[in-house]
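As structure tokens, here come the structures.
Next, two complexes with chain A in common: one pairs it with chain B, the other with chain C.
Take a look at the complex of A and B:
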């Protein structure tokens, strides 16, 4: 097995009874790389993401992570405590709806600090300083540090969720339609922010979206899914400019031109 | 007179020793043994309907009932006092159903059932302290799913507990939590010490007495065995502080016991007295002895 990958999933299958969630999907990602997963609703994108993040049990396949000490961990073999530790240190998950990823009755600072405290930070001043720095990075006014996310706008909540996830410096971040449900100008702002953070911190990301503009902007490579299967994979520009599979062609041609 | 004593005899015959039947006591003792083996772990038990409502200490009463033996000397306190309704009722309950000796003196008691306080007098070996617990789960208001909190305990994921303390400092400038202050038992499970004031938290650490916790409505029992390390959670730069009102008791003059604030007049005049009535009496006695010697 090649040793230089960061994360690798091989032959992932997940069935919901008779129905296929995703079937025989393989992907790998190197550190600092952004992988887009596109496809229509119900094509198995979210199932795949939850499977490889370790939230859903697999029916078939293996998932490997090359951890900080260069040992290769197999998600299907390691213990639950170990997996949960990895999920909150090496990995991060940004939900489509910030309400799923934030604690709405806890202040912005507490939300950012939670992951720090979960990995053992016990110094209030330090936690608060890191939290303020992150608020600055995601362009939220530092004076809002003690406000609850419920008083934030949708775009701010999403930015707070990103800060909360990136604070422990994960090496791979999973995003499930991070800009879905936001209006276009806010979307642009968040995409810009994500692009900068991902490049600046060298974080690898796997982004699910049905919006081709998002992958064009962020992703290095993409995977096109239909009915739980990968129908096409390749470099982002290559697939979007010269789609080979007829579903990819349909997807590319149905983008609205303004 | 004759008739009364006859009635009392009948009462004792009607109830099994200490009210609960032997099988129930056995079930509770099993839970207690398990709880003592895994300090701070919440052991589920099949809580019984008691002849009093939930919230009156049905958990503590069941634990006491399972622990009592005929030669026990029982003390019951409520907020530190021996003479409040709750304490008097529970004491009478066990006098009637178990016919055990009762006392108000902490040092004479072999079993103490308490609500919201740990006695000021240092506890000794071979004493049992039974707490009445309303909410055994320290993570309850932070994570509503019981399946999840159980997992968090199992994997000692206690980041969220610190989020609560963080929020306290962010809001108030210090850790505002003043009672039911979370502790880590034996370096492992985070435990709710029942709503005792945080002033009492240090008394739990390394205590020679057995500490048993019973939550009747929630059907949970947990325990801290003697000489167990109990540490109150805190931040490096905001260390735990056991605090009390900064006054002296207006009856015995003690400045190191936990005080109740009492409003004594219509215009809001305040007075502070020991919440531990037994300790207050002892101190008053000591003071008058000293005066006699002078």
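Take a look at the complex of A and C:
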């Protein structure tokens, strides 16, 4: 196996009874790359993302992570506690609904600090300082550090969720419609933020979106899913500008100019 | 050298009565270092399509595109991304950027991508924006609010900030006034003298006559 990949999923299948969640999906990603997953609702995008993050048990397939010490870990072979540790340190998951990824009854600073404490930070002053820096990075007024996210707007909550996930410097971040449900100017802020983080921190991202304009601006490569199968995969602009599969053509031609 | 060998392109439109559109067949030509080849022919003859095939945005139906030793048809997406980063530039008529990103950042991005230090990149960015006469007070604003001509010059700045050995130009001077057109033609001439192999579409005949080493007419092929 080639050793330079960061993350790799091979032949992932997940069934819900008789129904296909996703079938025989393979993908791989290197550091600093952004991979987009597109397809209509019900196409298996979220199932796939949850499977490869380790949140859903697989029916078939293997998931490999080249960890910080250059050891290749197979998610299906490691213990539950080890997987949880990896999920907190090497990986991150940004939910579509920030309420699923935030603790709504603790402060904004606490939401960020909790992740730091989970990987061993103990100095209160230091944790608060790092939290303030991250609030600044995601453009949330630092004076709101002690406020609960329930008092934030949807866009602020989403940016807080991103800060909470990135504070531990993960190497791969999974995002499920990170800009879905946000108004356009807030979307732009988040896109700008994500691009900078990918470049500055060299992290990799796998992003689900049904917004093809978002995927064009962010992704290097994309995969198109339909009914749990990957119907096309390739260079982002190639799949959007010259789609080869019937379904990708339909998807691309159904949107106003991207 | 860029080499186009027996290149065919057709589009199969599955959702539009399975229509098959043949754009062109058996295109052959070469572009050497330091040459500018101008593509000519009426609209619909496939000039932009040809550039997109070379850039890897369109899938080759038959034939080959060779850029130096790299065969585009046989390249993986990662190979193509690497080629674009280091060697193959493309200037289109349209600017596509993340909203809110300042012009100067948009322009220096290709340099940062190849690992250039930010200070040096910024200096080069300022030089080229000055050269293209983009007013200094616009540098820290997003180009999305600019006029058509200004946006096009931002695109050009981005394409010429780095000396790509291979350059594809899709009407780089389309919405520019005469003064700005001349500045852009100077940049193209300089790239040509530096040894870049350039393929371009120039609707303006005066511009074409000034910089093209040869013309390839897609209608006569």
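Just so we're on the same page, the second predicted complex is superposed on the first by the 256 of 258 C-alpha atoms of A that agree within 3 Å, B and C clash if a C-alpha of one lies under 4 Å from a C-alpha of the other, contacts with A are read in each partner's own complex, and residues count from 1 in each chain.
Following the convention adopted for this analysis, a residue touches a chain if its C-beta (ideal position, glycine included) is under 8 Å from a C-beta of that chain, and two chains touch if they have at least 3 such contacts.
Since we're looking at a predicted model, the values are computed, not measured.
A.B. asks: In the superposed arrangement, does A:249 touch chain B (first), chain C (second), both or neither?
C.D. replies: Only chain C is touched by A:249; chain B is not.
A.B. asks: Looking at the overlay, what does A:235 touch: chain B (first), chain C (second), both, or neither?
C.D. replies: A:235 sits against chain C, while chain B stays out of touch.
A.B. asks: Examine A:220 and indicate which partner it touches, taking first as chain B and second as chain C; both and neither are also allowed.
C.D. replies: second
A.B. asks: Which holds for A:106: it touches chain B only (first), chain C only (second), both, or neither?
C.D. replies: In the superposition, A:106 touches chain B alone.
A.B. asks: Take the contacts of chain A with chain B and those with chain C, and give the residues found in both.
C.D. replies: Common interface on chain A, chain B vs chain C: nothing in common.
A.B. asks: Which stretch or stretches of chain C touch chain A in the complex?
C.D. replies: 11, 13-15, 52, 56-59, 77-78, 80-81, 96-101, 112
A.B. asks: Hey, which residues of chain B end up touching chain A in the complex?
C.D. replies: These residues of chain B touch chain A: 155, 157, 159-160, 162-163, 166-167, 169-171, 235-238.
A.B. asks: Spell out the residues on chain A that touch chain B in their complex, using ranges where they run on.
C.D. replies: Answer in residue numbers: 80-81, 84, 103, 106-107, 109-110, 113-119, 122-125, 127-128, 145-146.
A.B. asks: Under the stated contact criterion, what part of chain A meets chain C in this complex?
C.D. replies: So the residues of chain A in touch with chain C come to 30, 185, 188-189, 191-192, 195, 199, 216-217, 220-221, 234-235, 237-238, 241-242, 244, 246, 249-250, 253.
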